[in-house]
Amino acid sequence: MFDGLLGPEEWQAVRLSLKVALVATVASLPIGVFVAYALARWRFPGHQLLNGIVHLPLILPPVVTGYLLLITFGTQGAVGSFLKKIGIVFAFNWTGAALAAAIMAFPLMVRAIRLSIEAVDSKLEEAGSTLGASRRQVFATITLPLILPGIVAGAILAFAKAMGEFGATITFVSNIPGRTQTLPSAIYTFLQVPGGEASAMRLVIISVVIALAALFASELVARRIARRVAGS
Amino acid sequence: MTLALELRHSFPSFELDASFEVPKGVTVLFGRSGSGKTTIANAVAGLFKPDFGRIVLDGQVLMDSTRRVFLPPHKRRLGYIFQEGRLFPHMTVRQNLAYGGRFAPRQEAVENMERLIGLLGIEHLMDRRPALLSGGEKQRVAIGRAILASPRIVIADEPLAALDEQRKGEILPLFEKLRDELAVPILYVTHSPAEVARLATTVVAMEHGKVARVGPPAEVLSDMQVMPLGVRAAGSMIVARVAAHHDDGITELDANGVSLFLPRLDKRPGENIRVRIPAQDVLLMRSRPERISALNVIAGTVVEIRAGEGPGAMVSLKTDAGLLLARVTKRSVAALELAPGVVCHAVVKTVAIAPEDVGH
Amino acid sequence: LTPLRAVAGEVTVFAAASMKNAMDEIAQKYEAATGNHLVVSFAGSSALARQIEQGAPADIFISANAKWMDTLEGEGLVDPATRFDLLGNRLVLVAHGKDAAPVEIARGMDFAGLLGEGRLAMALVDAVPAGIYGKSALSNLGLWEQVEPKVAQSDNVRFALALVSAGEVPYGIVYATDAVSDDNVSVAGTFPEDSHDPIVYPAAKVSESENPLTGELLDYLRGDDAKQAFEKQGFTVLAVRPAG
Amino acid sequence: MTLALELRHSFPSFELDASFEVPKGVTVLFGRSGSGKTTIANAVAGLFKPDFGRIVLDGQVLMDSTRRVFLPPHKRRLGYIFQEGRLFPHMTVRQNLAYGGRFAPRQEAVENMERLIGLLGIEHLMDRRPALLSGGEKQRVAIGRAILASPRIVIADEPLAALDEQRKGEILPLFEKLRDELAVPILYVTHSPAEVARLATTVVAMEHGKVARVGPPAEVLSDMQVMPLGVRAAGSMIVARVAAHHDDGITELDANGVSLFLPRLDKRPGENIRVRIPAQDVLLMRSRPERISALNVIAGTVVEIRAGEGPGAMVSLKTDAGLLLARVTKRSVAALELAPGVVCHAVVKTVAIAPEDVGH
Amino acid sequence: MFDGLLGPEEWQAVRLSLKVALVATVASLPIGVFVAYALARWRFPGHQLLNGIVHLPLILPPVVTGYLLLITFGTQGAVGSFLKKIGIVFAFNWTGAALAAAIMAFPLMVRAIRLSIEAVDSKLEEAGSTLGASRRQVFATITLPLILPGIVAGAILAFAKAMGEFGATITFVSNIPGRTQTLPSAIYTFLQVPGGEASAMRLVIISVVIALAALFASELVARRIARRVAGS
């Protein structure tokens, strides 16, 4: 239905944005859950430090985050040059866009999941352990299902953020059509030239529609989970 | 299996200092609200780490603070029935029940699942989630969940408090079975003297975080001075053999030659059982009564009389069936001229001996 | 077209975002003419330059100001031999409304009076090329002192224009190229060419690039097709294809 | 105050269809686990909106589904003691207790706060938060919180289930006081026959979501056919006047000319009280017994004998003190040749009448 | 201690950023709590719509949000021109920066608070109502204290975001030193010119220090609240 609406390059941007947002969300979710759990439940020496690092992308202007990513993960960067040797390239690649989006969305994801973990009644986890479940099994069978609403919330925040992320992405991986040009970068480009507003708005609408669809789906999922716990 | 335990811990306004050693069977923790029962249960389960403590179950050290040994709860193979249920809200009743089995090493289940579900009366609740259960239903599921985990030790914290008398009577045999047939040690917290009498192998009476008294129930319950249990809990324990079942619904017992008549029991003739005879249900007469509705009349000799602070006195009577306790008024002691050595007759109504007072 | 692309070459250009309209048109013409695919990454000149410093896969860089090109050249990241000034631009004063009265921009004018209660929209005067040029022009005309407190700086010149277009400010300083095609603004005056450094868009080949097509493309950008496209967007084309 | 109630609601696997009308006083909801007691309590509190329902408290319509009337809970002036405590975790015990008072319209408090706290035995817990309380402690705070809200109606869902016998005995008079001195209507859920006997003005026996029987406790408890309560709950109610307190700790009652002897009661001479005499504590003899430890021997005439399904039979006896129920074995009925019209003697031990069986 | 480190204009930017972030956080908190409560607890026709609108700033590229703010709250904008009559001006004012920051941070704040509200055991609220507390009183005395950790989390997310927000702010209120020049604008300025990295990093460090200090303070507060509920 949008066929007439968008040119092939724009379609490419839509597809790429979806891919970037999905991959960023899915790939960072396990790490997000782990970090949230560590922050919520463990007391360890680097606790505050880790917490601070997680929040950094929120505090820093996106261009700064993008710049730091560029000098770290760029092919000349400390990490980037090492990763390149083992075949992983983030720089100027869609994977880099996903990395940038994931990092920008990480504080939001972690906070949502952490809040859910903190709300779990640890007496239930204790009950699980008395029934023979190891810490890991307790996590998998009790904690995880109970924090699903938080995970869904964290994931949708991350997805929405990834769909809208622009500053860090364009600074890190540039704006190469078909490779790193996401919807927000395309929108930005249109806004840079006279007469581009209409085109930009079309893309904005597409981006909003996608993100809202994901949002509504997540609401349904979350409500379903909540209803199950409240007793079907 | 024996349980040896030594715990010391200071809460801001509560001091726990308990140690006892009990033989296999059911150890009942008995004591007033706030006396430290749940705290001890939690320590045994590994959910509470006292400042100082050593817990040994059948030779295995569960914890030893001086040697820094602490076996985590999931390795203790517990079946803990919590005072507050703690069902998993995201699982159905069925999933809650199955939970323990998922982690227990494969072995014969302690209980047949179907039978247990029927006994607990939760067949119709299997696909419901805990949020929709009534208080007693939750408690019954919690009992089932703990039992089905094939535990090596059961901890039951007031498991029957929320249940009606009838259901209590149905579930109590389950604990007896665990104790007798499966030899699972049980730590059982209760406020009910009847449950103590029926289940306990050993009673641990708690008072303000300290152990007030430890001993077999026959002793503790017969002890006229054990106040923590309340004077109404006093009673004697008689060991008897099932002699016959009569057609009129009465079971005859043989207690060392003395016949006892009880409402029908679900025991085979020849089986040995224990009967608790509450002291306050025993009536004393100087002469053997004629034409009385009570079927049990046991002759005996007064051994001791202890006057309480109130109007009552506790009379212990040596009979062929064993020591009997009778709680009477001081006025009656005077009227009947009771004194050590005096021969008299104890009268016990058949129906006064309730099913929950009979164990085996 | 698609199968052609697969076999044909591809050139990647990092170009200042303000060139998008023109470059899109040129890309089409170039592909039609040569069968080679032109990939353009549009972003701020600073971002693009930094990316080239970090090994970006660019073949050609076109900056919106000379400074970033100078920086790269100093670092040996662009090939000085290939560098040339591609485009020029003019700085204009735009006013809100279709038919704004013309303003004579000259030394000694009452700029503050012109603005009245309003503000003057510019791009960031210390960071963004359009802002830098604007500030130096105003300074050279001796107007900066009176204007400075009234300047509202945007992070790029397009949003300075948007402020004028929306009527939030009466006047703004933008490139001539920006003033095209917005019905809500009109050009009130053009800054004297000598009031600021020449506005140039230098282009050069990125040193790392081994793409054989870069020379051809750099030539093409100086050709008639490109000239037409650039001029359509209001640029001054500074470079013409060297003879031969 | 009267409470009239009519409720119908379908849960997926439970059908509630209850209606009853009770006079002022304590209405005890009695019934097995899952029979719908809490559901009714919630409806009265306004926490549960049944498909169809009408609840009228002392003329005020609390809800009427056909007229779309629904008074929200906070306007009902409730003191609801929940089955599961529901203390506010972020408040200290003191703040929990004070909570109700913050919203109750200024008026005389139902209870003196200091006295209540002492009675509940929670003085030392005032600054603690609920997470650190024992099960019974939580329950006691919940009772205090509800009472201190100066409620116009008290709803108590198994308020004493988690408490020891001694504490129960101390707290029960609180409910009596609410009922008698302050005339607060009380809806009381319990599984304990003793509590029914002591508190109830009216008993509503529930079975599978339906009302099985409504009536005054004397009637319902004396009713030999009321099975929901369990046969052990059967007993008779005697109304008597305190005649004298004897030096040996015994209180003498005058029940229509018949003397009854009880352990010391905390009542003034001349006061009228109700005594529950559990049927199973009554012994029957054909001739007046001599030299017996029981002080209460009451002559009467057999009115009716109902044989149960088991070995027991229920004998009702007309005496000067009122109708007495005795649960004996069928065998004794035969041995004593009991039949309607036969004169015999009921023997009741003084100590068999426990404090919680005496109400007023 | 930073005296030698920063010029007076930079100091101004620091102060302004703090003011903007604080005001944005504090002013939006009550609205955030209200919206979170509505989304968590009420079912009403525009539920999904409201939810979508709340998330929009996350989905849209910041410049788009800034642009939309400009045409809405600008002096010529629909809302802005009305507000101007009653003396409220956002355009080119630090209040506008605060508005932009608040709107950008709003989805994060609402999500955190909403998750906490959903975790509150409604049985406790019921208990409050039986004790005579009206809906509002129940909210004030039970719900609100119980969701404090979520409110703290929401506030700190909002504060951090507000400290880092740049795209929407500069688009909406542009950069007027002393009036609307926040730290991120200053940082951006430095990053646009060759060799400006060092200056930018100085400001970045200041911004990070401030935000982390706030973050650590919030952790302490949250832990304290949690400990109180868990029983002193």
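Each chain gets a letter, A, B, C, D and E, in the order it is written, and its residues are counted from 1.
As a working rule, a residue touches a chain if its C-beta (ideal position, glycine included) is under 8 Å from a C-beta of that chain, and two chains touch if they have at least 3 such contacts.
None of the values given here were measured: they were computed from a predicted structure.
Novice: Would you mind naming the chains that touch subunit D and likewise touch subunit E?
Specialist: none
Novice: Which chain's mean C-alpha position is the greatest distance from subunit B's?
Specialist: Using the mean of the C-alpha atoms as each chain's centre, the farthest one from subunit B is C.
Novice: How many Å are there between the centre of subunit A and the centre of subunit E, using C-alpha atoms for each centre?
Specialist: Whole-Å distance between the two chain centres: 20.
Novice: State, to the nearest whole Å, the distance from the C-alpha centre of subunit B to the C-alpha centre of subunit C.
Specialist: Centres of subunit B and subunit C (C-alpha means) sit 90 Å apart.
Novice: Averaging only over C-alpha atoms, locate the centres of subunit C and subunit E and give their separation in whole Å.
Specialist: Distance between chain centres, rounded to whole Å: 35 Å.
Novice: Using Cα averages as centroids, what's the distance between subunit A and subunit D in whole Å?
Specialist: Centre-to-centre distance between subunit A and subunit D: 60 Å.
Novice: Multi-chain contacts in subunit C: which residues touch at least two other chains?
Specialist: none
Novice: Note the residues in subunit B that touch 2 or more other chains, in rising order.
Specialist: 84, 128, 132
Novice: For subunit A, give me the residues that contact two or more of the other chains.
Specialist: In subunit A, residues 63, 67, 188, 191 touch at least two other chains, as defined above.
Novice: Which pairs of chains touch each other?
Specialist: Pairs flagged as touching, ordered by label: A-B, A-C, A-E, B-D, C-E, D-E.
Novice: Of all residues in subunit C, which touch subunit E in the complex?
Specialist: By the definition above, subunit C touches subunit E via 44, 46, 49, 67-68, 70-71, 119, 121, 124, 126-128, 151-155, 159-160, 162-163, 166-168.
Novice: Under the definition above, what is the set of subunit D residues touching subunit B in their complex?
Specialist: 11, 13, 31-34, 37-39, 83-84, 121, 124-125, 128, 132, 134-137, 139-140, 157-158, 161-167, 191, 193, 230, 232-233, 246, 248-250, 261, 263-264, 280-281, 283-287, 289-295, 310-312, 326-333, 335-336, 347, 349-352, 354
Novice: Which of the residues in subunit C end up touching subunit A in this complex?
Specialist: Residues in contact with subunit A: 12, 14, 17-21, 39-43, 47-48, 50-51, 53-57, 156, 158, 177-182, 233.
Novice: For subunit A, which residues are in contact with subunit E within the complex?
Specialist: Residues 48, 51-52, 55-56, 58-64, 67, 107-108, 111-112, 114-116, 118-119, 149-150, 153, 157, 160-161, 163-164, 166-167, 184, 187-188, 191, 200, 204, 207-208, 211-212, 215-216, 219, 226 of subunit A touch subunit E in their complex.
Novice: If you look only at subunit E, which of its residues touch subunit C in the complex?
Specialist: Its residues touching subunit C are 63, 66-67, 70-71, 74-77, 91-92, 166-167, 170-171, 173-176, 180, 185, 188-196.
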